[in-house]
C-alpha cells in the first residue's frame, strides 16, 4: 500500500541517529501500543515510557536518554514529536491532484488560474480571482470576486472565500470554512421603525491570511469593516472558530476548537488560545499569552503568561450550594472585613 | 395531504390501549394546546395536565393515571412521549428518494454504489467509496476516498465525508456536517522560523460511526491522528458539536448543541452532555455521566452522576461586585480560617 | 473604481448639514486614521476625537458639538454612525445579480421562481418552493421542499434551506447557514436495546424568518418539532449561532457570534445576547434584556436590564487558588454566619 522505506533511509532523510538495523523496512507509523513490526512509533511524553518494553514497533523515535530502555531499533531525536511528525508525512495518502480545471468547474472570464493549479468538480472561481501554481481546490469550493489563492495552498472541499480574501502560500483550509463573509456591523437607528431598528453597516474590507496558516472545518473569518481582518503567517485555527471583523492574530499563534475572537481584537505572536475561549472586542493580547479552555478575556493582557476564568467542575449537588453562595460573595467578603474591591467591568 | 389513519389502526400498530371511538380518523399530530379535531396530542409532562380539559385533539396519548381527566379519546401508553414519537413518524413528509444516481452526480470509477442507493444532484463519490443499499445522499454531498455509507443511512444535504469515514446503518447526518477532516495535530519545532514555528502532524486515522447515530447540522468530527475517532451505536449529536481526533463516545450518549470534546477524550455509555459544555483532552467519563450546559470538565469522572461548573446568572451590577470578590476568594477563605486547599489544576 | 460623489450630493441625499466645499469629490470611506483626501470618515466614539486634528479625510461625519474641532469638511448628523453606515452603502461593490436561472441550476417542476429573481450556479430549488422577485441565490444554495424566499432576500452562497423554511423580504443569509434541519428531539425508550436507547421524535414544524433579518455564516436554525421556530422582523444573528427548535426571537434583537438558544426558549424584542452566551430551553426573556458574553441563562428573566454570569479572567496561578476555594464556598459562607441560601437550580 504505502511505499516502503528502510530505517537507514529515514534516518538519513531527517538527520536522525539510528541505533539498529539500517536495512529494516517500514511501511507506516503508529502508537507504541498499536505499532506492528513494520511500523515506526515514538516516545515523547514520559508517561508512556513503560510501553517501550512491550511495543511491537520496528523502531521508536525517542530522546537519547530513553534509548537504553528501548528493546527495538531507535531513531534518536532532540524533539521526538517533531521528528515523528516529519516521518509520518511519508505515509500520508493524500490524493494526488492533477493540474487543470475540472470540466464541471465554472471559471469566470476575468479570473486567472495558473496552469499548474488544480480546480476540482463544481468549483466556482469568480471574476478578478487568482489561483496560483500548485494550488488545489477540492470539490465544491467557491473562490469569490477578487480573491487570491497563493501557491500550493489547498482548499480541501466545500470552502467558501466570499470576496476580497487573500491567502498566502501553503495555506490549508478544511471543509465548510467561510472566509470573507460580512462582519457583524450594525448601527441602531432610533428613527427607524416604531422604537428604532438596525441598519447594516457595509463591510468593505477583506481578509488576509499569511503563509502556512491552517484553518479548520466550519471555521468563519469575517472580512473587515474598513481595512482587513489579518492572520499573520503560521497561524493555526482548529474547527468552528469564529474570527470577527478586523481581528489581527499574530504569527505562530494557535487557537483550539470553538474559540471566538470579537471584532478588532488583536492577539499577539505565539499565543495559545484554549478550546471554547472567548476574547472580547477591541482588546489586545501580548505575545506568548496562553488562555485556558472556555475562559473569557474581558480586558487587554499586557504580559505573557497563562490566564484563566471559570469555576471547577463538581458534583451538581455540591456545585449548586456553592453557586448559590456566589450570588452573595460580596456580602461574605464584607463580613470577613475584606477591603472593598473595584467592581469587575 | 397525509394519509388518514383511524384511532383503532394506530392503537393496533403500536400496541396501545384505546379508550374511545376506534373508527375516528386522524391526519396529524400537534400539542395539546394547538391540536384540532383530526389530530393526536400527548401528555408526558404533568405541567401540561390542565390542558387536557380544553384540548381540541381527537385523542391524547397519555398514562393510564391521566385517562380519567381526559375528555377525549385516550391512547394509553406506559411512556407517552415514546409512543407519541412513534405515532408522529406516520405523518412525516420525508421526500421519497428514488434509487439511482442523479445525472449531475460524479461517481468515481473505483467507487461502489448499490443499485438501491440514491445519489442526489451534484454529489461526488470518490474512489474506494462504498454506498450501501437504501442509503440516500441529498444534494451537494461529498463522499471522499475510501468512505463507507452504510445501508439506509441518510446524508440530508451538503454533508462532507472527507476520507476514511465509515458510517454504520441508519445513520442520519444533517447539512453542513464535516466528518473526517484533519485533527488539530501540531508539533512546535523550535528550530523552525526565528523563534520556532508549527509543524503539522499528519492525521492518518479515520472516523467510525456506529449504527443509528444522528449527527447535527454543521457538526464536525475529525479523523484520528493514529487510529480512529469512534462513535458507538445510537450516539446522538446536536448541531455545531466539535469532536476532536481520537475521541470515543459510548453507545446511547447524547450531546446537546455546541458541546465540544477535545482530543483522545473518552465518554462512556448513556452520558448526557449539555449544550456548550466542554471536555478537555485525554479525559475519561464513566457511563451515565451528565454534564450540565456550558460546564467545563477538567478532570476524568469515575462515577456516574450529574456534574456542573460555572456561576449563576445575576443582574450585571450585582454580578460585578461578586465577580470582583472571586479574584480574592483564597484570601477570604484564609481569613475565615478555612483549611488550605489543593489548587485547582 | 467607485462612482464619485460630491460632498454636496451626499449631504443632500442623506439630509445632513454640510460645512465645507460642496463640490469636493469623494470615492470611498475609511477610518479617521486611514482615510485619504477622497474619503469620508466618521467620529462616533469620543475616544477617537483626538484623531480629528490629523485625519487626512476629505470630510468627517460627526455631531454638531464636534464640528469646531474638525479641520476638514463636516457632515453633521445627530447619530454619526448611522449616517456613516448609510453613506458607506454608496461604496459597496456588491456583485450585480442578473435576473434569471443559471443553466447549471436545477429547479424542480413544482417550484416557482419569479422572473426577476436570480438563481446562481449549482443551486437547487425543490418542489413546492417559491423564490420571489429580486431575490438572489448565490452559488451552491439549496432551497428545499416548500421553502419560500421573499422578495429581495439574498442567500450569499452555499446556504441550505432544508424544508418548510419561510424567509420574509430583504433577508440576508451568509454562507454555510443551515435553516430547517431537524430539531434535536429524542425520546428515551427503556424497552429498546439492552438498557434502552433513543427514539427520534419526528420534527414536523418549519422556520419562519421575518423581514430584514440577517443570518450569519455557519449559523443553524432548526425547524420546529410541532409548530415553527420564529425570528420576528429585523433580528440579527452573527456567525455560528445555534437556534434550536421552537425558539422565538423578538423583533430587533441581536445575537453575537456563537450564542446558542435551546429549544422552546422565547427571547423578547430589542434584546442583546453577547457572544457565546447560552439560554436554556423553555425560558422566557423579557424585552430589552442584555446578556453579556459567555453568560448562561438558567432561569427566565422578567425585567429588562443587563445580566451576567462567570468569573473574571486572572493569571492562572491566582485563578487556581481561588477556583479551589469555590468548591467550598458554601462552607466558607457558613463560617461567616451568612444565612442559608436556596441552592441554585
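Read from first to last, the chains carry the letters A, B and C; within each, the first residue is number 1.
Rule of thumb we're sticking to: a contact is a pair of C-beta atoms (placed from the backbone, for glycine too) under 8 Å apart; a residue touches a chain by one contact, two chains touch by 3 or more.
On a predicted model such as this, the values are computed, not experimentally measured, just so you know.
**Q** Based on which chains are in contact, what kind of graph results: line, ring, star, complete or other?
**A** complete
**Q** Only C-alpha atoms count here: how many degrees separate chain A from chain B in terms of the superposing rotation, rounded to the nearest 5?
**A** That rotation is 120 degrees, given to the nearest 5.
**Q** Looking only at residue numbers at the chain A/chain C interface, is the share used by both copies over half or under half? Answer same or different.
**A** Comparing the two copies, chain A and chain C contact each other through largely different residue numbers, since under half are shared.
**Q** Find the geometric centre of each of chain A and chain C from their Cα atoms only, then give the gap between the two centres in Å, rounded to an integer.
**A** 25
**Q** Give me the residue numbers in chain C that touch at least two other chains, ranges are fine.
**A** Answer for chain C, listing residues that touch two or more other chains: 122, 140, 158, 176, 218, 240, 258, 276, 294, 310-312, 314, 317, 319-320, 323-324, 326-329, 332, 336, 344.
**Q** Across the complex, what residues on chain C touch chain A?
**A** Going through chain C, the ones touching chain A are 28-31, 34, 79, 81-82, 84-86, 88-89, 91-93, 95, 104, 121-122, 138-140, 156-158, 172, 174-176, 212, 214, 216-218, 234, 236, 238-240, 251-252, 254, 256-258, 270, 275-276, 293-294, 310-317, 319-320, 323-324, 326-330, 332-333, 336-338, 341-345.
**Q** Show me the residue ranges of chain C that touch chain B in the complex, using the header's touch definition.
**A** 106, 122, 124, 126, 140, 142, 144-145, 158, 160, 162, 176, 178, 181-182, 184-191, 193, 195-202, 204, 218, 220, 222, 226-227, 240, 242, 244, 258, 260, 262, 276, 278, 280, 290-292, 294-299, 301, 305-312, 314, 317-329, 331-332, 335-336, 344
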